[in-house]
Structure formats: structure tokens, C-alpha cells
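Worksheet: the structure to be examined is printed underneath.
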Amino acid sequence: MTDTTHSLTPGPLLLADLSSPETQDLLPQIELVLLPVGAHEQHGPNIAVSTDTITADALCRAAAALAGATVAVAPAVPWGVSWHHLRFAGTISLRQSTLIALLEDIVGSLSAHGMRRFLVVNGHGGNNAAITTAVEQIKHDTGVPLIASVFGYALIAEQAKKLLPAEAIGHGGGDEAAVVMAVEPHRAKPSAFAAPRPTGVQVETAALLRTYGGTLARRYDEVTHNGATGDATSATPEIGQQILDGAAGRLAEIIEVILREADAAEAQAGGNESGR
Amino acid sequence: MTDTTHSLTPGPLLLADLSSPETQDLLPQIELVLLPVGAHEQHGPNIAVSTDTITADALCRAAAALAGATVAVAPAVPWGVSWHHLRFAGTISLRQSTLIALLEDIVGSLSAHGMRRFLVVNGHGGNNAAITTAVEQIKHDTGVPLIASVFGYALIAEQAKKLLPAEAIGHGGGDEAAVVMAVEPHRAKPSAFAAPRPTGVQVETAALLRTYGGTLARRYDEVTHNGATGDATSATPEIGQQILDGAAGRLAEIIEVILREADAAEAQAGGNESGR
Amino acid sequence: MTDTTHSLTPGPLLLADLSSPETQDLLPQIELVLLPVGAHEQHGPNIAVSTDTITADALCRAAAALAGATVAVAPAVPWGVSWHHLRFAGTISLRQSTLIALLEDIVGSLSAHGMRRFLVVNGHGGNNAAITTAVEQIKHDTGVPLIASVFGYALIAEQAKKLLPAEAIGHGGGDEAAVVMAVEPHRAKPSAFAAPRPTGVQVETAALLRTYGGTLARRYDEVTHNGATGDATSATPEIGQQILDGAAGRLAEIIEVILREADAAEAQAGGNESGR
Amino acid sequence: MTDTTHSLTPGPLLLADLSSPETQDLLPQIELVLLPVGAHEQHGPNIAVSTDTITADALCRAAAALAGATVAVAPAVPWGVSWHHLRFAGTISLRQSTLIALLEDIVGSLSAHGMRRFLVVNGHGGNNAAITTAVEQIKHDTGVPLIASVFGYALIAEQAKKLLPAEAIGHGGGDEAAVVMAVEPHRAKPSAFAAPRPTGVQVETAALLRTYGGTLARRYDEVTHNGATGDATSATPEIGQQILDGAAGRLAEIIEVILREADAAEAQAGGNESGR
Amino acid sequence: MTDTTHSLTPGPLLLADLSSPETQDLLPQIELVLLPVGAHEQHGPNIAVSTDTITADALCRAAAALAGATVAVAPAVPWGVSWHHLRFAGTISLRQSTLIALLEDIVGSLSAHGMRRFLVVNGHGGNNAAITTAVEQIKHDTGVPLIASVFGYALIAEQAKKLLPAEAIGHGGGDEAAVVMAVEPHRAKPSAFAAPRPTGVQVETAALLRTYGGTLARRYDEVTHNGATGDATSATPEIGQQILDGAAGRLAEIIEVILREADAAEAQAGGNESGR
Amino acid sequence: MTDTTHSLTPGPLLLADLSSPETQDLLPQIELVLLPVGAHEQHGPNIAVSTDTITADALCRAAAALAGATVAVAPAVPWGVSWHHLRFAGTISLRQSTLIALLEDIVGSLSAHGMRRFLVVNGHGGNNAAITTAVEQIKHDTGVPLIASVFGYALIAEQAKKLLPAEAIGHGGGDEAAVVMAVEPHRAKPSAFAAPRPTGVQVETAALLRTYGGTLARRYDEVTHNGATGDATSATPEIGQQILDGAAGRLAEIIEVILREADAAEAQAGGNESGR
């Protein structure tokens, strides 16, 4: 590395920290790039609009720190597809096509430098369809060796269920609030923590369609009066740190599987090549 | 109705069967439009490339027949997003943007005539992200009262698991083959029925990412050598009919919930209006 | 062919009937793919909104049956560009850009498998500009060896003029009604057959501009009060079958010319190549 | 009019000649805007690449001069859709989508000022599909009272057939060359006038498909070796002037019909309004 | 050259004057193509809406005439991005995306014939952002050896400042009016010449942001009541000719620098190539 | 404000810090939203790829802190249009259309909540054309009361010229390095600070075209061998803080002018309204 005095450990390897020659030197070591995608959307009275960005970014940094210099983290996308939250003040929503174009540009640029494997870590459920679309399109159009996605909130919720009551789990709930308290405390609003106020409308429809792999398109004000579906009152920074540590550990395990199987697949493909 | 001699019962109400004045007369009765979306993609040696279109269409017709003239069926979209199958002969793939545009045009046209509630019934997993994107975009851009989607194959698989061995469930497997045998027998190829030939590559990665709400973008030839992941050899037309009947019954129940809750939501919204 | 027990003759070769290995086996024999494009648009009180799809599809199937396994038929596009009919209930209209994208995707996929010659058979006049645009764009962008279009309704009308009075020829008229009666009888509405009710507006303008290769953009409710411009009352299924047989025979002759001249052009180009 | 010293007669009313206040003053008188669309494409050795632009523009100016200040001429679009000529040096081709966007912007701007009726006068056959698409899209999207198109070359050819031998009619032929000689003599190249050199390839296919309302997508070097299909050797400036005068007279008659019938249609619509 | 009798000197080399074989013959000599881009937009009472097109085109022709057959001029784009002038009658505005598409198509076509260096000469400030975007996109997407732009009005204003009072310089002012008087006298309206009538609104904001490389998006009716910001009353044709001659001379010098340095850059790149 | 315990002063008002109800409460006070736009692009060996994002964001925060709660800062866009830097490792480039879409979505969302005035603060010269395009399009399409842009680097360079030698000013030079040292020290690489290594190619061309409001499209490796054009060796954190303080002060003055004149313009428009 050009700048030998600048230690990059033990923190995560952030692409934004590097100069161009430093990037060039690290390229052979980088086995995976994590692409955090967040949102800028209302989470009820409990937490800031940047919650999903904070969470996705923190998850990526923590998992990358566990992996050392082989896993790099790209700058977080600080908005997502949040049209259904637009009636709550503060929400910024990208069109799906904008988010897809962004991911195409980011992956297209980085793969031009020789980075070959990408994992989108998504902090917001409303992004899932656009990210799946982007990931598949990029694979088809560019043939990049590996591109995949994971819903980071699923990793968070998995841990939170062990540490918080069931009613805490949900949009703007204790699971998300705890992580924000741990990572960016001034973006949690404990004095405003309140129970969710669901509308009770079309509850069975939404659940049934979800069970069968579908969706009911709804604005979030049709779902909840105060913008939250989880109860944040049980959140603490300590629980948040435990959730984050657990989720990052799980993500690190997933990354290990991804890299191990990708190496195997390439070795096999190479064997096939040379065997021809 | 203009044409009193033309009995539309007891079969399903197909929009394609109607003249324009007939449609006009039926408009007040139509409470929901089903939009079957299929695929034209390889299903291994076992069944025709039109399998997912056949399945989605049959499911809609059967469920609509149970519902009478209140539920109409639009012409099936006979292709889907199948880029990952393009290395297998015969597959036609739409770009995601093409499928989204198609759904916008279809729903936009029908809602201009006064149809107000739409359920996309999707026969092919590769369409899910594009359909979710379309459904949400249409809701946001047009404010149509109800637009939702269901993954029809999930309904099929649920029934098939009761009637077929576990290894039969999967792409081009016994669950799909049985339904094709029941509905369009000449599009099943029993003399070619074969066991799936999975590659075994990146199996754990794909499963893990799916568990956590994500996806690994892969071509299907990276997944299976013969294009199938399910074993079709146990399929029979009788089982296919049972699967279809069961799935259509379940879909009819879902439709009942959708309509009941949508009526309630509108009554409540109306009450709020009048109460102001 | 993998499935020797499944006889594909003497009916037409439908791509939707084939499994992927069957398609693979037939590829060397397929000299031309017919792409029927229809519409889902009002045809007055006389016939169903699916008329143009029925007609284009029936024409392709009948012509392909005459040609044997060398001519394949793709699934019909069941909607078209029908914005001018949207004020009549039931009409679905694609934007021109959607239809163009669809044709690009379909031809792009099939030519990736090695199919090399394509003929779009169009059942609806409103599609002609979009289809010409698509056909030329596909030729320019992909260099596919042969892509062409024919207006199937012109083939129908040519035959109908021999068998029906002049006033029967036209939109929703006896020519179209007869074919529907022959092919899908329940989609003709003989008890509602009525004379057309033209508005008489801008008749000379439209005729003059058509004569000089132009067009007057009009909604169809500016042209006719009941949605039809032809008189359906003289239609019978027998005449419909005669029209269809005559038109299919003519289309088969055209296909023969296309294939003969395309072979000659390729032989000549090959000769030029080898002579260099 | 603001500028009383500037006489606009007896020449045609060109929008490009006017200041903004002059346009404002003339708005109530302008009953129709002519939009000439040309091409910048090879016409063999005989005439310049700007031929179709010259012809469309001259036709519009001559017809507008006959009509007085009630018909205005917009600046000519100096390129068209000419991808099929790109292998001949000098050709510029717009994508169809570019030409459509241009026409949308031009008509959108002018109709915002209160101009209400538009006639596209097209000098190049390759533009017809894009212009038809544009004209219909603009009608549908904006509801502009009148938008139509005419293929100006059809008007030229009609006159030329009376004055020149049959073999003179065609791309880069005597009909076009004569008009160029009359209007912009330095863009005709009489010393290079040559007979066309057709390839003879796919002649019957192209003719048959044209007869039945379709098209064979071909590059022009597949049609003719020297880029022309008409024989220019019989062209003279005098004949060119006669052709132009005849065609402009015919166009003026068409314009008269358009305006008379449009007035009648609006009067009738107004009557219907007031009668309600 | 095919047509030896047609002298192209001493005027400028216009692509529109040439037949295809003439273009082919001249290709090796053409070192640069000038692409004039204008506007069709209000310039107050003083001059016609075509002013910026006239100016850009005249500048290109005069500079090309100085350069001889090595510099060719493409047909002028007769409209530009003028949305901010749309409230003044007569203005036609292209969307930025339309102008970008146009430039892509024009340069893409000409570079396919082997033309390698392009200079956009822009007559209208509102086009600058779109032209910069187009020029950079074309460079990135096509790798054309040289593509650049110059704001022609800056060349005009530089000369005008030497010959006219300061208050004459500006939109629709004496600088532009003088050039129009010299080139297309009937498009200047001296009897209507008037002082500008600025609104005085947000003057400091606009100036400050311009100083710091930014912009305040404003409609032009927020800037001036009569559409002009310069005083045209001092304009004469003689001054116009002097401005044009001076600006064309400066442009010819710039072209000389462009060609000299481009040759040097290619020689150096070639040396690097051969030295490897 | 809902959360009374959370003091937002004296730091800048960041939208990302706020919950939705907090945003709602602050809406009446917010007079301007600053939108920092950066880049993720090589800056030679001297500083990290995130330099322009850091600079734009720091400038906005510092200026907003001076202004109190009346000026809010949106999340920085962490990439820009950097195609010309893609041959240097680490650079991420958005297409111009992606950046334009992003700005449309962000401003569209925030203005839907009632925010009315927006200032894009751009840290990267390569973004200027896309930002100007976006700002004008947004004004035209949405009529948002005020949208403007400023090139933040021009503010930085103005201060730097007072504090650093002339050769320090430039891409990756001492001006930018000093600011990075002050704000995010680990993203400056003092041990790698090096003199720029210009190629000397097309220097006069680029300067001339810039003088006359144009541009020469070039990749940055055609401009400089090591990616920098400024000399970073004289940079210190203290100078960086002085530059930042000076530039933020100047930006705060500009904001004051913007708000004062916008208030005056609205008062005048309101007066005109009420006077009608």
C-alpha cells in the first residue's frame, strides 16, 4: 500500500477512506464489496428518518471489521423506495428506476476496476423488489461473477426476537430503536417513544398475500396512525449493541459461505475450462 | 346485458369473451379483475415452456368460476422475466421494464373503464420482483383503489405437498407437471419425465440468502444440468386436478377476504368522509 | 425429438407446445417463426374485444399447418395499440413503446436460440406503425437475418370482398365477425349484430390523407357512434371458414416467397463471401 | 402587428421570420401549422443528402403561400429515420424515439401558445412509422384539436408520373432530382446523373408484403448498389417547377378540406355542447 | 470528387450540399465537423425567434469558409432548450433529453462514416448544460477522438463590446440584433427596437450564484417584462458584419489550435503505441 | 417539537437527525434546504475518493450552523458524474441521467412536505452540467418556488487563493487536501503528498474553450499522469479550517441574499395578486 503509515485495521475497510493508489494496491485482496442501501423515511415518533441507512451501514461495517481487509464497504445509499411513507413528513422516496440505475452505476464502476463480487445489504423492506430487479439485471447485462442481496433487517429482527418482547418487533419498533440508540444515540427519541397505533384495516388480506408470496400495495397511513408498527418502549442501547453484534456475526458467517462457495464454483468452472 | 342468449355461466367470466356493450353492462357487477401472468420458459424435459402461463391462467379461471360474475379474468400475459433460463432453448424473456410497462398499460386501461380492484396472479417466481414493483408503482401513480399480487405457484405447491413426495416439488417438477397433465395434456411429456440433475453449486449460499430475504443472481444452468429441480415422475392428471381444485379453492377464499376487507375499508373511509 | 410419442402433426407447430429439449431438436428445421399480434379492443356490439387476436392467431396456425414443421408459431400478443378505442368499455391499450419493447424481447430471445427469420402477422391496423418501427429497429440493432411484417387483416379483407357485400367490410364488420364465428363462436354475438353508425365527421380529410400516405389522428368515437364501421349482419360461420382458408392459403404463398428469396439472398451473399 | 413596415406577403408565413410580439399578434389568424420533416440521407450520385428536407420544406412554403397568413410553416426538421441508408456515406439517422420526442416538443410548445391544428408534411418514407406514432401519441396525450400527417413525396410522385417516364420515379430518381434542380440547383449533380443499379434481391417479398400492408426490414445496400432506385437522367428544372406547383396546389386543396371539415366538426361539437 | 464541375469554393463546405459519393470523396480531407445549435425562442420585440440559429449557423459558415475544405458544417439544429421563455409567444423548447438524443444521433451517424472530430457551436445559453452533458456522454460512450463545444454567443459578445455601448449587450440586444441585420435583415425589426424592461427581481441572487459557478432557475418573464435584457437601438448591419467577421476570425483561430493540438496528441499516442 | 429534550443547537439542522413528527414541527421554520452533492472519485495520491462529498457536506453544515434552524441540510449525495476519472482505481461514476433522477426524487419528496426553497451545493465540477439540467427541469416541471445551485468548490478555491501558493489550487491540490485534513484527517494522505504530473496535452484547447463557455471532453488520464492538477504539499489542517470558515461565511452571506430577495419577490407577486 502506498500510504504505509495509515493503518486501516482494526476498523472496517471503507472504500471512501481510500485514495486511488491505495485502492489500486488493495484490489487483489478485496474478495467482496458490501453495498449498504438504506432509506430516508418516517419511523413514527421513535427514531430518525435515517434509521434504515444507519442500520444497514452499521451492519456492513461490523461484519466487514470481522472479516478484515478482504471485505470492503461502499458508501451507503442514504435513501430508498419509500413512496408509501410520503404522507408522513420528512420521507424522501426514490423511484424504483432511480434506485436500480444507482446500483447499476455503482457496481458497473467498481467492477470496471476489477472488483468481482458484490453483496447488497438492504436495510428497508420497501427496497427489496427494486434491489432484486437490479441484482438480476446487473448479472444478466454485465456477467459480473457474483452479485447477491440480503435483507439486513431480517438479520436484525432474528436477533431482536431473542432479546425483546414480540410486540417490539416492527417498523419503528424496539428492534430498530435499540440499534439506533447503540450507533447514533441522538437519532433515537426516547422521550417520544410510543406504542404503535395500527389502523386495523385489511390486516388479513395483507397477511394472506404475504404468506403466498404476494403483496398488497398500501400507503403506510392506511396501516398505522402514528407511522410505527413496533413498540419501541423496551429498547435500550445495550440491547441494540447485542442485536448488532449478533446480526453482524451472522452476516460474517453468510459472507464466509458466499466466498467459500464462490471460490469452489470458480475452481470447478476453471477445471472444466482446462479440461476441455 | 345486450346478448341475452349468450350464457356466461357457469364458466368463469373472461374479459376476452365479451363485446364492448357486454362489458359496459357487466361493469357494475365486477368486483375484482384477476390478471394471470405466466412465463414462456424451459421446464426441463418434463413439460412445455408454457407451463407457468397454463398454471396461472387455469388457477384464475377456476377461482373465478367459483366466484361467479363478480370476478373477471383478463387475458394471461404469456411471457415473464426469464433471463436466467435463456441458455435453455425455447425460453423467451421479457426485460423487467417491459413487464412493468405491460401491467401499467393493462391496469391503466381497465381502470379507465371503471374497474377498481386488481389481483395479479403470478405463475413464475422470476416475475415476483417486477410484479411487486409494478403493483406499487401503479398504486402510487394512479391511486387505483386496490391492487395486489399473489404468487400462484405458492398455492399450487401448498396443495402438491399433501399429494406428492417432497422431491417432486420444484421447477419442472411433479407439482407443475401434474397440473399441466390435467389442463393441457399434450403439453406434458411423460415419456421424457426424468429426475432433476442439480449442479450442487452455491446451494448453501442461495438457501441462506433466501432465508434472509435476499437473492443470489444466477443463471439456471448454474443450478441444474437438465433445467429441472423437481422430480416429475410421480405426476398424474388426477393429482393435477386435485392440486388445481385445492389451490383454486384457497384462492377463492383469499379473494373473499380481499373483497370483504376492501369493502370494509371503503365503508370506513366513507364514514370518515361523511363524519367530517 | 426427445418425445417420440407426441405427434405434432398435422396441426401447426406451436412454440408453446414444446419442451425445451423438443425445441432444441426442432431448431434446425424451423425456417420461419410467425409472431401473431392482436388487440383487446372494442368491435362494436358484434364481436368480442379479442377479435383481432383470434384472427391473427388463427391465420398463423392455419398457414403454419399448411407449411408443416418448418414454420413455427409463437404465442399471440393479446393486446395492441388501441388508445383511440379507449372511450368504448373493455378496450385495453398498450403504449407504442410497450409493444415495441415486447417485440424486441421476443425476437431477441428466440434469435438467441438460433431462430433466424421472423414474420409479424398483425391483426389490428392501429399496431402497424409500432410494428414497422419495431421491425426496423430490431433489424438495425440486432442484424437478425430476416424480420418482416404483414397486415393480416388485409389478407382477410381481400378474401371477404369476394364473399360479402361491400358494406360488410370494416371494423367490427361481417369480415371479422364471420372469422370469429368460424373460430371461436361464443365470441360472436349474432343476436346483437347491428349496422354501423358512422358520425360522418372529417370523412374526406381522413380519406385524402390516407390516399397520400398520411393519417388523421382521431378517437374512434369521433368516427362511429356504435364502435363499428362494417355491417356484420351478413356474416356466417361458413363464410368465415372460407375467408380464413383463402387468407391462410395466400399467407402460405407469401411465406414460400419469403423463404425462397431469403435462401437465394443468403446463397448469393455466401457466394460473395467465398469469392472474395 | 407590432412591425407594420415588415410585409409578410406574398411569401409564405414562416414562424422563424417572426418576433415574439408579431407571433402574438398573428395567433388569432393562424388556422394551421405545417411541420415539414425531411431527411439527411444518401440519394445516390444524383442529388444531395438534404433532398427530402428541401422537398418537404419547398412544398410547405408553396402551399402556405397559396393559403396566405392563415397557414404558417414551422422550421423544417432537417434529419429523419434513415438507419437503412447508413452504409452510404453522409447519411445522418435519428432513432425513431428521437424523432418522436422532437415532434412532441415542437407541437407541445406551439400548442401552449394557442396554435391548435398541425399537419406534418413528411418528405421521407422512412419517417412514416415514427410520424404516425408521434401524431397518435400527441393526440392521445395532449388532446390537441387536430394533428395529422401527409406523405409529401406521394404528392410529388403523383405529379411526376404525369411528366416523367415510369423509370424516373423512385429514390434519388428524376422526380426528386427535378424538384431539387428547381429549388436548390447547386444540390443537384447533373454531371453525375446515372441509372439506378438495383440488386434484384428479395424483390417479390418486398412487393408482396407492401401490398398487404407490411414491410421487409432491409438496409438500402441490400436494395441498390448505387443508392438510387429511380433514374434521374430525364430531370430538368422546368419539370421540377411543374411538379412542385402541382403538388403544392394539391396540398393546398387538402388543407382546404382539412380546415373546412375541422370547422364543421367543432361547430357540431359546440352545438352538442350548447344543446345539452 | 465525382462531380468535378461543382465548385465548392470559396464558400464553406456544407454537408447538406453534398451527394453521398461527394461526401465519400471528401472524407479524407475533413478534419473537423462544426455542429451549429440554435434556438427558436423569443428575443423581445427586436428580432425574430430564429436569432440564435441564424447566429450559430452564420458563425460556423464564416469560420469554415476561412478554413477551406478541411472544416465542414452540419445542418443547424434550429431549436434548443428554451423552457424558461415559453410564456412568450412563439418559443419552441426541446426537453434537455431530446437535444442530447439529437446530438448523439448526429455525431453517431457521422462518426460511423469516419468523421473523427466534432465541435458544437452553440448560439443559446440555455443549451449549455445539455450540450456539455451530450458532449461528455458521447465521448464516454463512443470514444470518438475529439468532441468539444464552444458558446458562440461568447464570441459574438466579445466583439460587440468593442463596437457597442455596454447596455446593448444582452438577450435580444444590439449585439444579436446587429448580426441578424447583417445576415438575415428581414428577421430584424428595427421599427420595434425598444429598451429592455427588466423586472429587477432577484438580481443579486442570480449574479452571485453565477459568480460561484451556479444558477438560479427562473422563467424569463421573472427577469424582463418585454423579453429582452439588451438594448437593440444602436444596432446597424455594418456593426453586425464587423461583429460576425471578428467572431468568425476568433473561431477560426480556436479551430486551428484544436486541430494542431489534436494532431500532436494523436502523434504522441501513436508514438507511445509504436514504442511499446 | 415533540422531543423537547433533544437540543438541536448549536449544530446545523440535519434532516437525517429528525424523526417525522420533529420534521413536521420544524417545517414552518425551514426557509431553505441545502442539498450537498459530492463525488466518489480519484484525487491523485493525496486525498481519499470521498473528498468532494466531504467538502460539500462540511460546507453545508458550517453554513447551516451559522444560519440556525432556518436552514436545513439534506443527506449528501455521495457520488457524482465522474466518467472521466474511471481509469483511476476507486472512482464510482453515475450517469448524468441517474444524478438528475436522484435530484428530482429528493426535491420532489421534500417539496411534497411543504419545503419550498432548495440550494444544491456541488462539490465536484463534473456534476455542474447535470445539476444545472436538473435544477432547470425541476423548476419547469414542478414550479417549486426556488431552486438554485452553487459550485461549492468555487467558494473553497476563492479562500484558498488567499492562503496557499497558486500551484496548490487544483484537482487533488492543497486547497482540497487542507479541507480534508481539517474535517476528516484520516482521509488525507500526507505521507503520499506529491506534485501533480500534468500530461501537457491539449492545454491551450481546453483553456480556450473554457474561456468561451465551452468544454473539451477528456478523460482525466489525458490531463494528468497521477490524477492531480494541484500541489498538495503545502496543505495543513489549520489552513483547511480557515478555508472552510471563510467559504462557509461566504455561503451564509449568499444564503442571506437568496432568502431576502426570494421574500421580496414573493411579497411583490402577492401584492400583484391582491392588487388585481
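Things to note:
Letters are used for the chains, namely A, B, C, D, E and F, taken in the order the chains are written, and counting of residues starts over at 1 for each.
Just so it is clear, contacts are C-beta pairs under 8 Å (C-beta built on N, C-alpha and C of every residue); 3 or more make two chains touch, one makes a residue touch a chain.
Here the structure is a predicted model, which is why all the values come from computation and not from measurement.
Counted as hops between touching chains, the shortest connection from chain C to chain E is 2. Look at the CA centroids: the one farthest from the centroid of chain D belongs to A.
Placing every chain at the mean of its C-alpha atoms, the farthest one from chain C is found to be F.
Two copies of one chain, chain B and chain C, touch each other, and the residues they use overlap strongly: the shared fraction of interface numbers exceeds half.
Here the CA centre of chain A is 48 Å from the CA centre of chain C.
Mean C-alpha positions place chain E and chain F at a centre distance of 30 Å. The centroid of the Cα atoms in chain A and the matching centroid in chain D are 56 Å apart. Of all residues in chain F, those touching 2 or more other chains are 95, 97, listed in ascending order.
Viewed as a contact network, the protein chains form a single closed ring in which every chain touches exactly two others. Each chain touches its two ring neighbours, and walking from chain B in the direction of chain C yields B, C, D, E, F, A. For chain F in complex with chain A, the residues that touch the partner chain are 2-6, 15-24, 27, 40, 42-50, 53, 74-76, 78-79, 86, 88-95, 97-98, 101-102, 105-106, 109-110, 112-114, 186-187, 189, 191-192, 227. The touching residues of chain E, counted against chain F in their complex, run 81, 83-84, 95-97, 120, 122, 125-126, 128-130, 132-133, 135-140, 146-151, 153-155, 158, 201-205, 208-209, 211-219, 222, 254, 257-258, 261-262, 264-265, 268.
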